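My structure is below; once you've seen it, I'll send some questions.
So that you can tell them apart, the chains are marked A, B, C and D in the order they are listed, and the count of residues begins at 1 in each.
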Amino acid sequence: MDRLKTEQGEDVSRITALSDGLFAIVLTLVILQFEVPNIPSSQATTELPAWLSGLYVLFFNYILSFVVVELYWVVHHTLFQHIVKHDRVRLYLNLLFLLSVSFLPFPTELLGTYGTRLTWALYALNLTIVGLLMTSVWWYAATQDLITEEMHNRIAKLITLRGLIAPVVFLLSIAVSSVSLTLAYFTPLLIVPLQIMWVWIHQLSSRPF
Amino acid sequence: MDRLKTEQGEDVSRITALSDGLFAIVLTLVILQFEVPNIPSSQATTELPAWLSGLYVLFFNYILSFVVVELYWVVHHTLFQHIVKHDRVRLYLNLLFLLSVSFLPFPTELLGTYGTRLTWALYALNLTIVGLLMTSVWWYAATQDLITEEMHNRIAKLITLRGLIAPVVFLLSIAVSSVSLTLAYFTPLLIVPLQIMWVWIHQLSSRPF
Amino acid sequence: MDRLKTEQGEDVSRITALSDGLFAIVLTLVILQFEVPNIPSSQATTELPAWLSGLYVLFFNYILSFVVVELYWVVHHTLFQHIVKHDRVRLYLNLLFLLSVSFLPFPTELLGTYGTRLTWALYALNLTIVGLLMTSVWWYAATQDLITEEMHNRIAKLITLRGLIAPVVFLLSIAVSSVSLTLAYFTPLLIVPLQIMWVWIHQLSSRPF
Amino acid sequence: MDRLKTEQGEDVSRITALSDGLFAIVLTLVILQFEVPNIPSSQATTELPAWLSGLYVLFFNYILSFVVVELYWVVHHTLFQHIVKHDRVRLYLNLLFLLSVSFLPFPTELLGTYGTRLTWALYALNLTIVGLLMTSVWWYAATQDLITEEMHNRIAKLITLRGLIAPVVFLLSIAVSSVSLTLAYFTPLLIVPLQIMWVWIHQLSSRPF
C-alpha cells in the first residue's frame, strides 16, 4: 500500500510536539483573563483589596480550567505512550481534538466575566467535546491496532471508558445548572471519586484468577 | 566543501521544533479575535444569547482558518518526513514560509471584524502565499536531492502538484468574491474534492503495469 | 504491578516539553505589560522621553521577574537531569508547579502597575509557592528513588535545601515590605550570596576525608 | 570536580527547546502590533483601503523585525550544532541572550507606533545587545572548549567576527538616524553584502595552500 504512505508512519513525535505546544499556550492564555484594573495610583492602596477579593469567581474558574486542561494533557500523554503508529484518520481526529482545545480560552473568559447558565453550558460543552474527541482518538487507535501489542483488549476498553468520565460529568453539570448554577460549578469535582473508582475496577480486572 | 557547513546538515529537528512552535501559536492566536463584550452583569442573561448568535461569521471564520492552517501543518509534517537533509536555501525558504504563516492572525482578525471583498482578498492572498512557499520548500528539496532516496521522481512531482491545490483554490476565491462574497467564503471547500481526486491519481500512477 | 502503568514510566521527555513550552510563554508574556501609550504623533518626539524615563519601575520589575523565572527554569532543568523515572504523584506535583508558574504574569503585571505593599506580597507569595512546589517535586523524586543511582543521599538533601533558598527569601521580603517597600524590592538580591554560600557548603561536603 | 555537575552536562537539548519556544513566541508576538481599527461596518468598504495603505511603515517594520530575529535564530541554530557541552557560565549567558530576545516586541511595537529617532535608537540598541550576547555565548563556548573538536580555531574566530556584523550595523544605524531617519531604516540592509563578504573570506581562509 503506497497510497497512505504520506500520512502514515511510525513517528508520532511531531504530533506530540504540536499538541504539547498548543496545550502549553492554552494553559497560559487562561491567565490573560485577569485584567489589571484602572485605579488612580493615589487610591490603589485602599481600593485594590476590595477589587482583589471580588476575583474569587475568576480565580476558582482559573484553577478549574487549568486543572481540567492539565488532566486532559495527562490522559493525552498516557494514551500516546501506547500509540505507536498513526494513519490519516488518527491524524485528523487529533487535529479536531486540538481545534476543540484551542477554543477553550474563549468560553473560559466568557464564564469568568458572566457567570450565567448559558456561559456555563458553553464552557461545559466545550470541555465535553474535548474529552469525546480525545477518547475517540484512543478508541480509533485501539480498534485499528495502532497501539502497542502488550496492551490487552480488555484494558484498552477500560481506558476508553475512563476517557468518558469527564465528558459525562460535564454534560451532567449542564443539567444541574438548570437547578442551581452554584451546584453546577462544583459538579466537576465528581470526576475525582469516579476516577478513583475506575482505578479500583482497573486493579480488580487486572488481577490474575 | 567546507563552505556551506555552517548552514547545512542532516539534523532537521530544530527546524521542525521552531515550525511546530510557530504553528501552535498561530493556531491559538486565532481564538484571541473572540472578544468578550462589555455588558452590565444585570443584563448578561438577556443580552448574551443575541450577542452569541451574532458570532456565527466569526465562528465560521475561526473553523476555516484553524482547519486550513492545520492542513498546511499536516502537509508540512508529511513533506519533512521525506526531507532528510537541509542546506542554506531550504533553510531560508522555510523561514519565509514561517513569516507568511505568522502573518495569518492579522488578516484573519480583519476578515472576522469586517467581511468585505478587500479583507477576503487579503486573507485569501495570505493563505495563497503560505501554500506557494511551502510547495517551493518541497520543490527545492526534491530537485536538490535533499529527500529520501526511495521517493520516486514522479511521486515527488505529484506531491508538488498537490501543494498547489490550496493556493489555486484561494486565488480562485478572490475572483469569485467579485461576483459574490458569500460564494467566496465557500470556495475553499473545493479543496476537499480536489484532494480526493489527487489521491485517486496518486493511486493510479503508483499502480504497477 | 499493572495498576500504575498508565501514569508511570521512564519517559520524561513530554513532561519537560510541556514545561519548557510553558516557561517560554510565561517568560514572553511578561513583556506584554509594557503598553505603548496614546500620544498624538506630533507630540511623540517631545513626550516620549519623559514617558520612557518613567518606566524604570516596570523595567526593574521585568528584569527581576525574567531572571527569577529563568533561575527556576535552570533549577528545574538541573533537577530533571537526575530524575529518570516518574509516577503519578510526581506527575501531579509537576502540574501543580506549572499551575503556579502560569499564574505569574498576573501578579507581575499588577505589581508593575501598582507598586503597593499588597501587590508585592501577592507577587512574592506566588514566587514562594513556585519555589516550594518545585522543591517538593525534587524531594518526592529523591525519597521515592526516581532519581539516578549515583546521586548520594546527602547530596540529594543538600539540593532540597538549595531549593528552599528562593522561597525563604521571598517570604522574608514580604516581612520587609511592612517596614519599607523599596527595601523589599531589593531583598531578592539576597539569593545571590546565599546561592554562593550553598555552593561553598556543597563543595565542602563533597570533599573526601 | 563534583561541584559544577548540577549545571554542567552534555545534553543541550532542553536549552535549545526553551530557546526555540521563545523565538517562536517572539516571532509571533510581533504580529500583535497590527490592531484592527474601529470603523463602523457601514463605512468599512470605503475607509479600510485608506487605513490599510497607511500601514506600510508598520509592515516594513514587521518584515524587518521578523527577518532579523529569524537570522539570529539561524545563527543560534548554527552555533549550537557545534556546541556539544555546556557549563554554568554558558547557561547564564544563553539566558541573558533570551532575556534580550524576549524584550524585542516592546521596542518593535514602539517603533511601529512612533517612528522617531528615539524609538529607532531603542530598537536598534535592543537588536545590538541580542547580537552581542549571542556572539558572547559562542565566543565563550569556543574559548572554553565546549565545541566540537573538528572545528579549527581560525574558523571559530571567523564565526565570532560574523556574529559582530549585525550589532555593528545596528549601532551604525543609530548614528545614521541623527542625519536621516529614513536612511537609518535602510541601514540594516548593509548586513546582506557584509555577510556575502564574510562567506567570501571564509572560503578563502578554508582553502588549502
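Quick note on the criterion: a residue touches a chain if its C-beta (ideal position, glycine included) is under 8 Å from a C-beta of that chain, and two chains touch if they have at least 3 such contacts.
These numbers come from a predicted model, not from an experiment.
Colleague: Hey, if chain A just vanished and nothing shifted, what pieces would we be looking at?
Modeller: Without chain A, the chains stay as one piece.
Colleague: When the Cα trace of chain A is superposed on that of chain C, what is the rotation angle, expressed as a multiple of 5 degrees?
Modeller: Best-fit rotation on C-alpha atoms: 90 degrees.
Colleague: Suppose each chain is reduced to the average of its Cα coordinates; what separation in Å results between chain B and chain D?
Modeller: The answer is 26 Å.
Colleague: Can you pull out the residues of chain A that are in contact with at least two other chains?
Modeller: Answer for chain A, listing residues that touch two or more other chains: 17, 21, 24-25.
Colleague: Sort out for me which residues of chain C touch chain A in the complex.
Modeller: Listed in rising order, the residues of chain C that touch chain A are 2-3, 6-7, 9, 11, 14-15, 17-18, 21-22, 24-26, 29, 91-92, 95, 98-99, 102-103, 105-106, 109-110, 113-114, 116-119, 122.
Colleague: What residues on chain C touch chain D, complex-wise?
Modeller: Residues in contact with chain D: 16-17, 20-21, 23-25, 27-28, 30-32, 34, 36, 39, 41, 44-45, 48-49, 52, 62-63, 66-67, 70, 73-74, 77-78, 80-81, 159, 199, 202-203, 206.
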